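Paired with chain B in one complex and with chain C in the other, chain A is shared by the two complexes that follow.
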Partner chain A sequence: MKKLLAFAIAFAAIAGIAAISFFGLDRGSPNRDIKSNMLGKTVFDFELPVYERYQNEYGPSFKLSDYRGKPVILNFWATWCISCLQEAPMLESAWQHYKDKALFVGVQTLEKGKDAAGNDFLSRFSLSFPSLKDLDNNVSIDYGIFGLPETFFIDTEGKLFYKHAGPLTEAIIAAKLDEMLQ
Partner chain B sequence: MIALGQLGSAALYLAAALAVYSIIVGTIGAISRDAKLLTSARYSSVAVFLAMTTAIVTMEVALLTSDFSVKYVAAHSRLANPTWVKFVTLWAALEGSVLLWGWILTIYTAILALTAKNNILRPWVLVVMQAVQLFFISMTVIAANPFITLLKAPLDGPGPNPLLQNHWMMAVHPVLLYLGYVGLTVPFAFAMAALITKQPGTEWMTQSRRWTMTGWAFLTAGIVAGGWWSYVVLGWGGYWAWDPVENVSFMPWLAATAFIHSIQVQERRRMLKGWNLALIIMAFSLSILGTFLVRSGIISSVHAFGDGPVGPYLLVFFLVLTITSVSLAILRWDQLKDNASLDSALSRESSYLALNVLLLAMVFTVLLGTTFPLIVEAITNNKVTVGAPFFNAISIPIWLLIFLIMGIGPLLPWRKAKEQTVIKNLGFMLVGGFVATIIAYFMGIKKVYPLLTIAIAAYNVVSLVLLIVGAVRPRALATGKSTGSVFKQYAFENKRRFGSMIVHLGVIIMALGIAGSSAYRVDQQIRINYGESAIFQGYELKAKEQFMERSASKISAGSIIEIWKNGKQVSTLKPRINTFGGNPQTIPTPDIYYTFKHDLFLSVVGEFKVGQSYTAIRAVISPIIAWLWFGSILMILGTIYALSPNKKQIKVKAVQNTTENKKGDEV
Partner chain C sequence: MRKILFVLTVIFSMLIISFAQEQNSQNSQTELDSEVFEISKELRCPVCVSESVADSAAEVSVNMRNKTKELLEDGKSKKEVLAYFQERYGDWILLAPPKQGVYLLVWLLPILAAIIGVLILGFVIKNWLQKTNQEVVLSQDDIDIVQKALKEEN
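Moving on, here comes the complex of A and B:
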């Protein structure tokens, strides 16, 4: 009898722990993606130098507010960021798809003076949408960047529509662009 | 040239294969009692250790030479970091930590393979150790391989989490914890071997006692080091927040503490066999469960661990581990029955039993509090948090009861105590506690819990004095020697007993430190213009100027604040904000003026801009917080003292050494 009881208690405890653990695994991590305070508000304007290869089209410096009227997808990246490396080819292909609907803009940040590495990054993935240099990291601070990559979907009026932390997928870009353009 | 990533991966695969080999050969050898197979299994344990050492060394080489083709290095290291940071980056993230954990396991297993007593337990101990080890090695191979090679290596990495780079303590704390967790694996393996071989006597625990104590001491040191790191790094002036990550290291510690005490009952009275097995199974499986809870990311914690594929892996291991060991215990149920029973409620063994119950109540409280948000969410879909108030409300009374038993337990003889002696001793202790409380009350301590803590501390100090007097006085009277020399002899000849007294004294001092620093903490935000000063708790804080220090890997900016007391400058503090290149996160880093009476803790808060005319700081006075660290050091020293070989053993070893030397000379 005692044996049965000990057996029952031990296995009930293990089963209980297993049950809540499976629940936890199924649910995944509690959401740590901090919502941006800027959602629905006009985003900070900035003017940043443009990487040389894009200067013909966008000029030596890029001012965000000059591009009102078209949605802007603002992607922050750095050469040391593994997820950015993984994300880059997808961004380029999405850009080819949605060129007419939105402007993609890359911002290299958190690595001052890494122009050579940045150029290498842009060439490696033949990125054809413009990339800017956030030399003193001010723009990433203004936008409250926590980790890289982070991407901001800015609507035609310059208001923040959606912020994405971590690598994007083309499906998310498509869905958010559709929502934004409706 | 072979890439480091490939070399490391190869070493891991080799280690896994050798571990599998060692398990199979060891099991067959143990069943068929084939000495050759067993020897082969033992030496393959050493081979696993060598393979894992190759993996570890490879990773360190990759980190120190900043080989960013190795994914782990690319994701967690950085060119500009100082060498020590690069070195400790090995355990700054999940994959490396698992690798380190596995490596430490292989060290312990190799030592066991070479030094454990040759008896019926040894083959099974090694098989169990190898099985645990195989789990960790295969986890690095399958779910958390740090040696994945990147096709396109980045030119630089982001560096480890800035919070981890901020203090050298971070180099020590995780290693201590792993040494502790792994230390618990050894008695667990011995317990399993005892069950498998139907030898649930005392042999397994006597043989693993040193390992248990060592593991416990490392775990203690690891937990306290974590608290100290939190105190000096996190800028909130506290050391324990009942965060899940802290809780999960505390649970195995509690179970192990119960185990250390409880095994003495089995050694002396051949009782509590089942209890002891349950306790060590619990201690070890709690360490795995805890690792699962925090590493899978299913519980919110201030410690942001990423969720990787290791969660399900750890959970499966926890289930296999607990189900196997509990089933094994049920299978051997008849051998686990105690032959003796409690003779009296007033005996050493009953006090240990009470201690077991209380410590398990603590384990249950912490486990429930930690997983409660998950339970509630599973049932009602509501999100709740369980904070410090819950844990404090339940654990403080339990701790006070534990301290009551801690005082009286060691004074009780085995089997049955004479009531008169107990009453006399208790009388001394209660008077001691009462007198201390009165004195404390008139010295201005009016809060209930601190007063109770002081009472119980004094009660325990009297108990320690009674223990020593009780041991020393009769001998002094009998031999006519001076009390001092008898005391010295007693302390030297009874290292285990005397060591435990030192540990208990450490616990008492720690308890006082915790009570004082939490109940009488003053926490205030102050704004001081540069060139002016503010008064805080008897100190004059003179804000001098801003400063900025740059190094290749970090930028520190902060305020220089002179600390004056009674018209004399006693210290200069430089609370600051650190920014580690490659990461935008700013880390407020406090600066602390340590004294025996209290710590003055300053941390920069709010906005800090160059050229700002004022500084906003958080000032915290924590009374007798230094006692906490001091007490924990005593606990470790006491354990070391208890484990240190006594005279006879040293002599035997010395003789061995000289014979070995002679042999060497002849060659």
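Moving on, here comes the complex of A and C:
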């Protein structure tokens, strides 16, 4: 009986230490899809400069709160991000498909002073939805960005409905937009 | 002569005041930088593997350090700065989990495991000592074998 008790205690101790180690390793992983702290809450408003090519339609700066009433799909990207390159053609195709239902907005972030590279990126994929410049990376902090690409689905009231880390697919966009518009 | 002395005194006083102000500004800058470093050590670099914002050279970490400095200059306390990042990134952004809720287990379990370990070790040592202290009972056959061996040796 004593042996059984000692074994049970030792097992509990080892299991506890293993759980802590796993928890620690898990917290350290940068590839983990970390749930946004803003889900269901009103997202932080921002005003950012618009890439020149979109200024005729959207003006020199874009203020998020000006677009309340229409769902916004906010996509953070950078030219060094391989997944962003892979995702871009799909985003353009989805934008052509869903532009009546939602506004797609790109935000170039985590690469200061890379306007020329940003312009090349937009030309290469003929992205026709507006893209903005997060010059001081403050918006990426406000949105808790931990990797790129990350996409935020913002509902008509300006609340975060869904956040996706990593490259999107058109099926995810369709499903989340349907859910959001229900 | 008096006029010259007066002008010299004024110039000298201004120099001292300017030097003191410069020194004071340098001290407060150093103080601010060390506070930024202290806070950054507690924040996780969002794009790195288990690296603090203080240790990371990633652009987002540099930006977070700048933001920390900006918030401190605005008069925010360390707690408020950490809360600012927590509000945006969640508890994940803190390198050390907060000492509350489910995270309390992470702090308590190692202590509990250590206590249990010490208890087990104590129990095992006590058992060994008990066994060592037990009187060894030798059978007559054992005694005969030993005596025979001793005789042969002599």
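As a convention for this text, the second predicted complex is superposed on the first by the 151 of 182 C-alpha atoms of A that agree within 3 Å, B and C clash if a C-alpha of one lies under 4 Å from a C-alpha of the other, contacts with A are read in each partner's own complex, and residues count from 1 in each chain.
Convention: a residue touches a chain if its C-beta (ideal position, glycine included) is under 8 Å from a C-beta of that chain, and two chains touch if they have at least 3 such contacts.
These numbers were taken from a predicted model, which means no experiment stands behind them.
Of the two partner chains placed by the overlay, only chain C lies in contact with A:12; chain B stays clear of it. After overlaying the two complexes on the shared chain, residue contacts for A:114 are found with chain B alone; chain C is out of touch.
In the superposition on chain A, no contact is made by A:56 with either chain B or chain C. In the overlay built on the shared chain, the residue A:85 is in contact with chain B alone; chain C does not reach it. Once chain A of one complex is fitted onto chain A of the other, the partner contacts of A:124 are limited to chain B, with no touch recorded for chain C. Touch criterion met: A:37 reaches chain C, while chain B stays clear of it.
Applying the stated contact rule after C-alpha superposition, one finds that A:140 touches each of chain B and chain C.
The interface of chain A with chain B overlaps its interface with chain C at residues 6, 10, 17, 19-20, 23-24, 27-30, 110-111, 137, 140-141, 145-146. Remark: chain B residues 71, 74-75, 78, 150, 152, 154-158, 274, 289, 292-293, 296-300, 304, 307, 311-312, 315, 318-319, 322-323, 326, 330, 333, 371, 374-375, 377-378, 383, 582-585 touch chain A in the complex.
Listing the residues of chain A that touch chain C in their complex gives 6, 9-10, 12-13, 16-17, 19-20, 23-24, 27-30, 34-38, 44, 110-112, 136-138, 140-147.
Listing the residues of chain A that touch chain B in their complex gives 3, 6-7, 10-11, 14, 17-25, 27-30, 32, 78-82, 85, 110-111, 114, 117, 120, 124, 137, 140-141, 145-146, 148.
Chain C makes touch with chain A in their complex at residues 44, 46-50, 59-60, 63-64, 67, 85-90, 92-93, 97, 106, 109-110, 112-113, 116-117, 119-120, 123.
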